[in-house]
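Structures follow.
The two complexes that follow have subunit A in common; it is paired with subunit B in the first and with subunit C in the second.
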Partner chain A sequence: MSATDLLNLLIAALLLAGVYAVMSVGMTIIYGVMKIVNLAHAGFLMLGAYFVYELYTRLGIDPLLGVFLAFPVFFFIGMAVHRILVRRIPTSDQPTLTSLLLLFGLWLVLQNLGYLVWGNSDRAILTPRTLEVLEVGPMGFPTVRLVVFAVALGALAGLEFVLHKTWFGRAVRALMQNSDAGRIVGINVDRTARVAFGVGIAFSGAAGGLLAMLYSFSPDFGGPFLLRAFVIIVLGGLESFAGVAVGSLILALVETFSILALPASYQPAIAFSLLVVALVALPGGVAGLWNRRPRLA
Partner chain B sequence: MKFVRNSAVFRFALLVAILVVLPLLGLGPNAVRLLFVTFVWVTVSIAWNILGGFGGQVSFGFAVFYGLGAYAAALAVNSGLHTVVALLLAAGVAMLASFVIGLPTFRLRGPYFAIATIGVSEAVRVVMTNVPMTGGASGYRILETGPFRQLDHFYISLALAVLAMAASFEVRRSKFGLALLAIREDEDAASDLGVNPFRAKLLAHALAAALTGAAGGVYAQYAAFIHPQGVFAFSIGVAILLMPIIGGVGTIWGPVIGGVVYGLIHDELVASFPQLHLLIYGSLLILIVLFEPAGLVGLFGRWFRTLASARRIRAANP
Partner chain C sequence: MFRRNGVAGERALANCAKCNLRKSNSLSRPWILLLLTLVLPGCGKGNKAGTNEIAVGVVLPITGREAKPGQFQREGIELAIQQINQNGGILVRDLDKKLPVKEVFYDDGSDQAKSAGLVERAMTSDNVVAVLGGYSTALGEAESVMPDRYQTPWITTGAAASTIFSRGYQYIFGTLSPTDLLGYTTAEFLGSLVDHGQLQKGLKLALALENTDHGVDYGKGIGKWIEEHPGYFAVAFSEKFDLGSTDFSGLLQKVKNARADIFLADAHLQDYITMHRQYMQTGMYHEMISYGARGPESDARKALGDATNYIFAGIWWSVKLPYPQVKKFAADYQASVGRPPDSWYPATAYDAMRALGTAIEQAGSLNKTAIRDHLRTVELKDSLLPGQVLRFGQNGQIHTPFVIVQNEPQDKVDIVYPLDAATGEAIAPKPR
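Right after this comes the complex of A and B.
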């Protein structure tokens, strides 16, 4: 393998990592604030993909604009889901069986609504941009991937700003650290949780739109990405946003370079193997390596 | 031995006796097939409940054990082994798989195990679709050596369901079962009281996997043809989780009722609403979680109590 190929693979991995980070960050917020593993994430990824697809095919709205529209739309969907379903189950500082099952049920419903509405054939979003490649010397950058990467970085930067510069963001971070203490200092836990759930779902929907620009999709689309998102947040130590970035990069690198050693049909097994390795070797996530201070319970 | 304590056992024995003679009373082959399928589902439903209901560890990946059991039994039968040996092999293979999944994921608490089971289930199906020895995606056939005798399959499935039921009873009243319940309620407290949560979960997982694998083996021998998209399907894993939850998770009879309901109505449901049946199951799951976490058993219990108290009030005020 030549150095150029290696470089091209590295670039591909980096571009993939950006999308993975956006995809996982929504799950991290929801897990962090509510200690709920959002299994319905997969369903919202799928809905986001079809949202952008429908806007493009029916109204001719550019998929990129569609992704931006997905943020507010899915934000409100998320808040509604929280209000109607999630608020009704007991809260806990450990993920509960109830919340897992509730969101799993929601995933089943969303997935099969998808089958009902769109059938089970694969769709893809094809724009003039889809097959363009930006050539820089010997390296090729597929334009779509560059664009998707840029949007992903923009979304993450926006989230970072909100988390660190607004009262809502401070409340979210406080609840992630210690929800009881957060309650004591006067954070409205229910409202913060509702908005955080909305933000999490907004990121799921938008990430689905971004993924739809890269891959073909069917109502079954979210499942493999749900597992990837989970692997990423486990690698990242479950509750850290910096960890998400590192986790995304690791998974993207492993997946991209595994093509050299493994047939592509075994790809879905990679994420799981990585999960097992992470659980056995790094129970505190990658962040645990340089962050070994004892945690107060 | 007091009679009161054994009345449940007595009623259970009566039920089994009725089921044993039922097919001899002139049931058609289709009714026998339906009962056979129901027993298989009841077995896996009870198995899931041992880990998920008593131990509180949700698994979405029991299709792995079901499928591995089916393939192990099919391979064993084709190499000339006796049915019972084939089923033992199926249980053993599934049990091994349970350790492979459980050893890394049970080291940590929380959702790791649940999500990992989704991953394993996807990964195993992908691998089995590509393994040439068992025909890959095109499936694997059991070569028939003798005439097809439906009643043999019926009794094997009934025996397995009874075995699963006995295991469930035994676990529920043993110290091991109490340890599982304690882990479900509060793992820290259980650990302080001297329970080893890691070992208890691993054991429950292994027991559940063995039963599920054997059930897969029973099914494979009946169907005589299995393929990865069938026995390893994610929807099988979903079904195995839904049955005990519909019936009443963490109870003795809940998973049985759930399995019976599912076994009897599933074919009908798929035939009538091919696109909708998973949607219906998903909505049902949400409704149960929100409104009746104890499932059908809880619902019946509530009706029964309402009826009983109404009768008491009527008796008090004639």
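Right after this comes the complex of A and C.
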């Protein structure tokens, strides 16, 4: 394999990492603040995909603009789901069976709602840039993947800004570290959790819209992404946004380059082996590794 | 009661015997009465259905992932039942009368476990003479363990993997030709293009196969044809991929490095769309491209646009087949459901029900083993399927040929192989 081929694979892996990061970050926010594993994440990915698809096919709105519109729409949907369902889950500093069952049930409801509204046909978004490739010397960048990568980076940068430069962001980070201490210093835990849940779902919906630009989808959509999101957030350390970025990069690199040595059918096995390795060897994820580094006095 | 109702009564008695009612000396009387209350209505129901009508179980997915093809298959079966009943039903010689067919339908929700359970229920509680269903391979595999257990014929209308038919089961039948024949026909079609001078001899093939029985069988079929026809093609690359993959860039890079002339994949619709998008983005070119049985689907053409032009596919049936019975079926189907047949789904189901009806008539009774025996020899000479004759092979599966269709610009699709059914000429090599 030539150096150009390897470079092209590296580009493919980086672009894939962007997709993985944006689809995992919503789960991380929700887990971090509320210690809830959002099993309905795949359902919101699916709804996000259909939201962007409907805007494109019915109103002619560009899918990229559709993704930006998905943020506020899914933010409010997330807030509503929190108000109606999630706030009834007893608070705990560990994921509870109740939360898992509730959100799994919600996923099934969303999936069946999808079948009811859209049937089971495979849908896809085809725009002039879907099959376009940006050639830079011997390297080729699929335009749509580049766009998805750029939006993913932008979204993650925006989230980073919010988390570090706003009161809400600081409250979120405080709750992720210690919710009791956060309550003592005056953080309105319920309100922050509701907004954090809304933000998490907004990211899921927008990520679904981005994925719809790359893949075909049906109401079943999202399952394989949900499993990969698990791997990424465990690799990243469950509550770390930088960890999500690193976890996404590791998974994408391993998946893409392992195919050179192993058959492509081993791809999922590789992903889940990574999950097992991370749970056994790096229970705190890569973020934990970073925190464990020796500090100089 | 059992004596009065003849064969079906004996069967119901046998069912009751299975429930150990006759042997239950140790049971106290109230328990026996309770069990009789629970069990006998079921036996009676089966009896009644057995004498006044012919109950046929249909287990298909009309919700869940496979809802769309499941619905199409159900429509095919119901059209056949409707036509049989309009002709007065099926003549049962033993009873000396024609009986209408009654459909006992269950939706398996695209769930394997549920699917098997519902087939079991139809075969036991509903006392059907046979069960039709089993779309797709995964659901068919789950269902296929039941027919021999309950000695009730089962005809799968949508599962083709050879694993289902290679276990020596005696009560299973299928109206889809095996997937290895799809691979074989694909290679045979390419070979015919070589013979006609449209492709060169000795071209290299790259194979990307889904990691399922379907993919394995497809690859085997191609390999078998190549082995039987040395010098035509050589396999330069062959690799399996996982269903529902999120990225094919690594696999496609390997395909690119293989520098093959022809690219043959076997994929489900979602993977076909994702893989072909990425294929186009790599800028690769192959003289011919196929994704197995996928290609002409309207969903794919919407998702990929002109990128699907000249892709060819092997399919079990096409509405374009130039047989009068196909034209009649298409018109009847349109009149029945208000739209034309989509892909092959309703046709194999329609023929399955007609084959069952013929077998019952030839058996002259509602005895399930007799029906099974006649299914083994039944010949539907006005079949909709390619070749126009449907007969089940020794393993229960039919072996009708596949038709090769090729996409053309402006959403046109032509049958290009076999030549006696062709509606257009194959375009090969594919224009760049």
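Points worth noting:
Following the convention adopted for this analysis, the second predicted complex is superposed on the first by the 282 of 297 C-alpha atoms of A that agree within 3 Å, B and C clash if a C-alpha of one lies under 4 Å from a C-alpha of the other, contacts with A are read in each partner's own complex, and residues count from 1 in each chain.
To be clear about the criterion, a contact is a pair of C-beta atoms (placed from the backbone, for glycine too) under 8 Å apart; a residue touches a chain by one contact, two chains touch by 3 or more.
Predicted model only: the values in this text are computed from it and were never measured.
Overlay on subunit A: subunit B and subunit C clash in the combined arrangement. Within the superposed three-chain model, A:L100 lies in touch with subunit B and out of touch with subunit C [touch as defined at top]. By the touch criterion defined above, A:L226 reaches subunit B but does not reach subunit C.
By the touch criterion defined above, A:F272 reaches subunit B but does not reach subunit C. Once the two complexes are laid over each other on the shared chain, residue contacts for A:A70 go to neither subunit B nor subunit C.
In the superposition on chain A, contact is made by A:V109 with subunit B only, not with subunit C. Touch criterion not met for A:V52: it reaches neither subunit B nor subunit C. Of the two partner chains placed around the shared chain by superposition, neither subunit B nor subunit C is touched by A:M176. Within the superposed three-chain model, A:L16 lies in touch with subunit C and out of touch with subunit B [touch as defined at top]. Once the two complexes are laid over each other on the shared chain, residue contacts for A:P263 go to subunit B and to subunit C alike. Stretch 135-143 is the one of subunit B that runs into subunit C, the other listed stretches 9-17, 117-125, 135-143 or 279-287 having no clashing C-alpha atoms.
Subunit A uses residues 112, 115, 223-224, 263, 265, 268 to touch subunit B in one structure and subunit C in the other. Remark: subunit A residues 1, 5, 8-9, 12-13, 16, 19, 112, 115, 119-124, 126, 130-131, 133, 140, 142, 145, 214-218, 220, 223-225, 228, 252, 255-260, 263-265, 267-268 touch subunit C in the complex.
Taken in their complex, subunit A has these residues touching subunit B: 37, 39, 85, 88-89, 94-95, 97-98, 100-102, 104-109, 111-113, 115-116, 223-224, 226-227, 230-231, 234, 263, 265-266, 268-269, 271-273, 275-276, 279-280, 283. Against subunit A, the residues of subunit B that register as touching in their complex are 52, 56, 58, 60, 104-105, 107-112, 114-116, 118-120, 122-123, 126-127, 129-130, 234, 238, 245, 275-276, 278-279, 281-286, 289-290, 293.
Put simply, subunit C touches subunit A in their complex at residues 63-68, 208, 211, 239-242, 244-251, 253-254, 256-257, 269-270, 273-274, 277-278, 280-283, 299-300, 302-305, 307.
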